[in-house]
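Below are two complexes that have chain A in common, paired first with chain B and then with chain C.
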Partner chain A sequence: MASHRNQGCNVLDHRMSRRNFVMGASAAAGFGPLLTPAMAKQAKGQQKQILQVYLQGGVSQFESWDCKPGTKYGGPFREIQTTVPGMKICELLPYTAQKMHLLSIIRSINLKTNDHGVGRLFMEKGRTVGDYPYIGSVASRYLKNANDPLPGYIHISTRGLTDNTAAFLEAQHGQMKLEGVAPPENLLPRTGIPESVLTKSEQFRLQLNKQFGTGRSKSLIDSYDASFDQASQLMARKHLFESQPEKDLNRYGHHPFGQNCLLARRLLEEGVTCVKVTHHGYDTHAENFNFHIEQLDEFDKTFATLLGDIEDRGMLDNVLVMVYSEFGRTPKINNKYGRDHWGASCSIALGGAGIQPGAIIGATNADGTEVSDREVDGGHLFHTYMQAVGINSTSDHDIPGRSVPIGDPAASAIEELLA
Partner chain B sequence: MNSFSAIPEATHEIKRFEHGEALTTCRFSPDGRYVFAGAEDLAVHRWDVSTGTTTTLEGHESWVRRIDFSVDGSQLLTAGWDGQIGFWETDGENPQPHHMLQAHRGFARWVHASPDGKSIATCGNDLRVRTWKLKNYKMTADMGGHDRHPYAVMYHPDGDHLASEDLMGWIHIWDTRRRRIASKIHADIMTGYDNKFAADMGGARDMEFHPDGSRFACAGISNVVNSFAGQQDPLAILVDWNTKQIECHLEAKDKATGVMWGVSFHPNGFVACGIAKQNGSGTIEFFKVDKESIDSARVEQTTEKTNDEQPSSETSDKTDEDSSESKPAAPTLKSYFSVAVDKCVRGMDFSPDGKQIAIACSDGTLRILEMNKKAETESESDKKSEG
Partner chain C sequence: MIGNDWHMIGRWMWIIIGCMNRIMLMLLVMLALVTTVEGQELLRDRIDTEIGLNPVTDDGSQSICTDFEFIRRVYIDVTGRHPTAEAVVTFVSDQSQKKREQLIDQLLSSPEHARRLQHHFDVMLLQRLPKKQIELTNWQQYLFESMHSNKPWNQLVHELLTVDGTDAATRPAARFILARELKREETVRAIGQTLLGRDLQCAQCHDHPSVGDYLQRHYYGISAFLSRSYLFTDPKSKVVSIGEKAEGDVKFTSVFTNEEDATSPRILDLDAIDDPTIEEEPYVVKPDNNNRGVPKYSRRLQLASELTSEANSAFRLNIANRIWALYMGRGIVEPLDMFHADNPPSHPHLLEELAQFLVDQNYDLRTLTREILLSKTYQQPSKRPSESQNSEPFVIAELKPLSPEQLGLCLLQATGVLQTIYEKHRVALTEGEDAIDETTAEFKTNLEAAVNKETATHLDKVVTTFASANQSSRFDAAANQALFLLNSPLIQEWLDQPENLLIKKLKSAENVSEAVSHVYITVLSRNPSSDELDLASDLVREFDSEQVAGYQHIIRLLICSAEFRFNH
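Coming up: the complex of A and B.
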């Protein structure tokens, strides 16, 4: 796909006409070289969005998307039939199995790393090294309607690292981190303070901002301002944080992941471009099987409910859904009934916008120790995500004076997965 | 007292049988002829202890983590993570399951035969505790009450009660006639929440009643630090049947990190526990659990606590009422003797004659240990004679 760069012939143009591809509302806002006016017109009102469900720590491919029952490293679990003939997944995912006609599986990922940090960056940035933006930040930059006051990239998690996800993109495209369903900290005005004082306080903030901006790049200051405004706008939708409908919670689950996924759906409904939900607890060096029973039991019904809701609302054509980890887990079961880090043969599931559903891409060998067919890595996945939502990942970032490819030129999209 | 001629301090390995996959549990057959073991494959494996002959029993679709026998010893009972209970002939050249009972939706964690030989009790990941007629495999009780997965269930020797323990350390005592919970005990020391990974870990990895029914033991973990890395302490508890109070905690004399996978009462009065350590090795720990030992541990613990606290009258906020309300913590008994094993011990069982211990190890070996002085070889005997 590297050869597609700077050829004047926009691959996305072809793809648009071929598949009647539609773009996000961001097209209307006009993000320069990435979108043609025709595409923008076509895309208006149908904003592409992304839902990332990150299974932090490295979910076991054997216990999820690539079962090997009865084999040397297969573990104790059986596989079950899904709604796609011939597609089987682990019995720990019975609810998700009933939604697999909406998703596809990639079973042939070789990340060539067993390191949490490197694996995570590869899966988020499509590169293992270098200062590049995360999927959510890229989506925010190129898919978000410039007039939309909400943040473009919200990450709901109960903990985790605070990364500079925007890299060289404007700061407002960095992730806004929400600690569960709690509202962002320090944004609510203090109670009991008169309106007049609050107004003066805001004026003072703007004055300081102006002073700070003297001699600094306007775009940088605008970017910080935009971030602040986005957070404020999010808080203007306080109902998202004040309470969650009991009826919905009963379906999603009252546990934190259930609450977080329900919030994710509501944020997507509000138009947030990329919502990422992290589910913790998959780094199972010990008791891999008991922990996967516990964690996937929590994940399965909640995720299937969320996916079903997105479909029922007619949003799935425009929402790319990703379920992924920073790597998989070792075939070999250690003496603590654990599986360790394994990036050489792992799997993800994805579906929705721009993705052909019901497909299985690639394969691992009989024991699951290595990829046997259609090997891909984080670079290929990144291109695939981007192109699924209509971003030409083979072009450069829209950064004046710089030529930075959006996706790694050494990799390309998994074409057969793109709808 | 020493009718079983068992001397823990003399424990040594006498036999080792190899299997290709890591073992998960093991049990002596009631006649002592065989040891059966589960493994990280889909089979149960039988070793003839005297000849070492191996037989593979195929029928489950998942791992077997619990093995039991009918009271008369003729039937082998196996609980699999496929939700099935297997019923097999214990003897026989090539045993086949004469019935596979789909006992639970999800995983069958445990099976135990009733003392009268007529029933079995099972529990599984569908949160149910069930009893079944051994004669026709019909369910006779289907009891709910555990909010999290029950890991083990055992009949009390009176046959009218069951004890089961779940992931959260809740022990339910069931009245099998009324088919309901008779009482609950919260062994909260046996469960923990891993803050970093946001998950619970705990529950009984093994359970056994004393043959006289006066107490039962549960083995597992405590002090969860990082369970995803196997960082917690192995621990067992003894529970007094009459008072339903935890009598004492059992801990290895040398600080260990890992899981206690086995606990068993020896006819001579001591208790042995099998441990899988985080570092990949294991131990068998021996405990004196008589009243004197427990009382002594309690006194020692109270003295230590008093010395540590030494509250002055000026600073203590406690009232007499508070003191009277506070329940004394169960004392911790340390093992008095320990046998090192170079691999994780994942299951253990005493032989019916009480002289041997079988241990299932993580390297796929089944080892037979004898609790007696090593028999002198002919050459050793000759040397002594010459001397």
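Coming up: the complex of A and C.
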């Protein structure tokens, strides 16, 4: 039996980078009392955030970021100019085309899977198998300020699966799922409690914990108390879920995706580290073209408005924006005018934070049937997202007694895309 | 000649000396045997010695938790719920010297203990995987019965790995494999984590980058035992079971080095197991579309024997560490699935002894549990008397966060629902034509089954809110969990049930302080301090017209406390 060791990554490197990294993280989390309010505000302004727009079901790359008009599989749509000279996208995205100077496109993704579940996990965890945290949970774990009142990872969706997104990270970094703009479960306080009782009750609970905590594990009781703080901060912000401002809704659209994106912007403004919005309905096995007209019509204006708002507020330097699916769609058009699952050559758009705008990474061949240049997969994307928000994805997770690389050690970031 | 004589004498001397050595050795062995029998060095005492516990403090008093703390702790650990107010009062006023031992024995033999272990081992072995092929209730029933009959651990594991799912009577055990659809990455990982104490996930694609002991061939060595097994769907009944082929070997490639390697079945660093030579026909049943393959030599059956064999120390160390952690709040090796050279056990000798005890006792988990619970180490207070005190592991009792199932049962208990359900079924079982005598084992088992059935839906809600697939014993808390405890209408529904015995009792209390005291002992298993009594009574009085609402409010505040959230 050969007993060679795979030295893919050097143990010492792991430790060194981890130490630097952990120091960085603890400095970010712990400086509250040491800073003047102005400095704290400035630091807060530099906090990195993520906006994920997930086109569930698999948007067609032909009908979005990688058009092949006039070719065998190109479909009926034309491509249009964007604000970046030479960068053309599908005519179904006219509003987004006006914002492309803020984004870049990756056209050379090969996920090697046509399975919704595997593709989704690959895009979220940077690995096809195994118990690893999602992008949002990792971001929450390493970017969230300990004093941030709201949960670090909020997912706005109208349906879908409940995943264990935090894996081995703490439960507080798991996604908080919102059913559209409805308030989180159990947000509203119990009725019938006299006003006079409320404050006293909170003091009563804190006193009880203080008494119990004396001589016992501080970290356990602190983290328990923190979850109640977070709960009460959420309760204090129930206005976020009560009504959306009409003026904004007119710009975003009154449809659910419009409302969800508006809530996403407001949550980012409240400092939530990662906000994910899911736009359902891209699994177009039949009537691919009609469905894309409908779906992208809803997506395009809303997304362009949201991106514009983030830019106008000066937040784009710190917010990583990503538009992605679990895979793309087949070049071949089936007999129901549909396109099927296709992981071999698909595209995403991304921008903000540490991403170079206006770039096109990689390419597919003339008919769009395979990647012809700069092939990448979910592992490369994961490293790229992480490094764009300042997380050293080649270091290990900060978990006592364990040694788990944040990104897949067999993949690396798309360096040329990092600013 | 003389020289020869001397030579002979010399030889004799050597022989005599050699014999003496042996005799000495025999004497020592006999002495050791005598001391184990005569000296009564019980495992519980060995635990205290190894932990370095000094149970008598300087002023001569013993450091040991109070009766209130003990009864709450042992109830939650052994039955999954805290004691009723009545049980607390009875226990505390009991003057018997042996009452702790008696309580431990009573709880360990109860069906509630089997339910607790059912919950625990379900989560540990199946990691909350959804239903596949096997009805969850059948699997749960199988675990419950295994735990109630105190099935030896090695036997249970043997069943999990060898049952092929064709016999309805044993089919539930196949869930360990069928829920993972025999997928290599899931099945091999689960075997490593739960049965060997090693999370080999990273070793799937390459040797672990920073844990020197986890090699890719370990992963594939286990994989090779399973690689010939496959899921077989019966063409008529559509029932899925596990078939096996007689050929096929495992190769693997490192994603770092692209070097290809191959391995025969092997457990970690033990010898590889070569297939026996089988003349002519290798199959009992040849695999084809209509027939489930059954080879003469099954690598999967071989896995069960090799894994549980004495040569494989990882098997016994893993379960000893896990049982210890279950009751002590952390493993001697922690995290529980991170046995490797750079993560040594805090008390290596103790871990060896616990594991050896299990082997000597034929993997009787209940006997091991009993010794752990009887140790003074288990019965230490969780509160440090002074800041300066030694913070070595296990010298003071750890805070144990309630598992989602424990929390669910404790919430039902604290709101009076569990007691109400028990009473309802007790009456139903002991009245009418089919009445059963309350003292029989049959009664206890039937009662438990009826209560389990009725509490299942309530528990599910709590478990979904509090569960994570997190395998470590670290504590987690999230905002949605706090919101559930603070505001959930479900808890209010429980408290508002018209038949709720706890609320009835509070309504009939003589005065507010009597009711508040009863709330404390029901929820926290202790009496309120006089300050607490005053504060809580004042709060109740603010609900002027509706005192019941006031009591409910106090219950809801207490279930939000850290004291309730942890077993301490």
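By our rule, the second predicted complex is superposed on the first by the 336 of 419 C-alpha atoms of A that agree within 3 Å, B and C clash if a C-alpha of one lies under 4 Å from a C-alpha of the other, contacts with A are read in each partner's own complex, and residues count from 1 in each chain.
Going forward, a residue touches a chain if its C-beta (ideal position, glycine included) is under 8 Å from a C-beta of that chain, and two chains touch if they have at least 3 such contacts.
Here the structure is a predicted model, which means the values were calculated and not measured.
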Message = Is A:A388 touching anything from chain B or chain C once the two structures are fitted on A? First, second, both or neither.
response = neither
Query = Which partner does A:K336 contact after superposing on A: first (chain B), second (chain C), both, neither?
reply = first
Ask   = What is the contact status of A:Q295 with respect to chain B (first) and chain C (second): first, second, both, or neither?
value = first
Request  = Compare chain B and chain C by how many residues of chain A each one touches, and report the one with more.
outcome  = C
Query = Who does A:L234 touch here: chain B (first), chain C (second), both, or neither?
reply = second
Query = So, does A:I50 touch the first partner chain B, the second partner chain C, both, or neither?
reply = neither
Key: Partner chain(s) touched by A:P76 [first = chain B, second = chain C, both, neither]   = first
Query = Who does A:S403 touch here: chain B (first), chain C (second), both, or neither?
reply = second
Key: Interface residues of chain A shared between complexes with chain B and chain C   = none
Ask   = How about chain A: which of its residues touch chain B in the complex?
value = 57, 69-70, 72, 75-78, 158-159, 256, 280-281, 283-287, 289-291, 293-295, 333, 335-336, 338
Contacting residues of chain A [partner chain C, same complex] = 1-2, 4-9, 11, 14, 129-131, 151, 164, 166-168, 170-172, 174, 176, 184-190, 192-194, 196-197, 200-201, 204-205, 207-209, 212-217, 220-221, 223-228, 230-231, 234-235, 396, 401-405, 409-410
Inquiry  = Under the stated contact criterion, what part of chain B meets chain A in this complex?
reply    = 21-22, 40, 42, 61-63, 81-82, 107, 125, 149, 167, 194, 196-201, 227-231, 258-259, 276, 278, 280, 343-344, 362-363
Ask   = Which of the residues in chain C come into contact with chain A in the complex?
value = 185, 189, 201-202, 204-212, 215-217, 254-257, 259, 261, 263, 272, 334-335, 338, 343, 382-387, 398-399, 401, 468-472, 474-484, 486-489, 492, 532, 535-536, 538-539, 542-543, 546, 549, 553, 556-558, 560-563, 565-566, 568
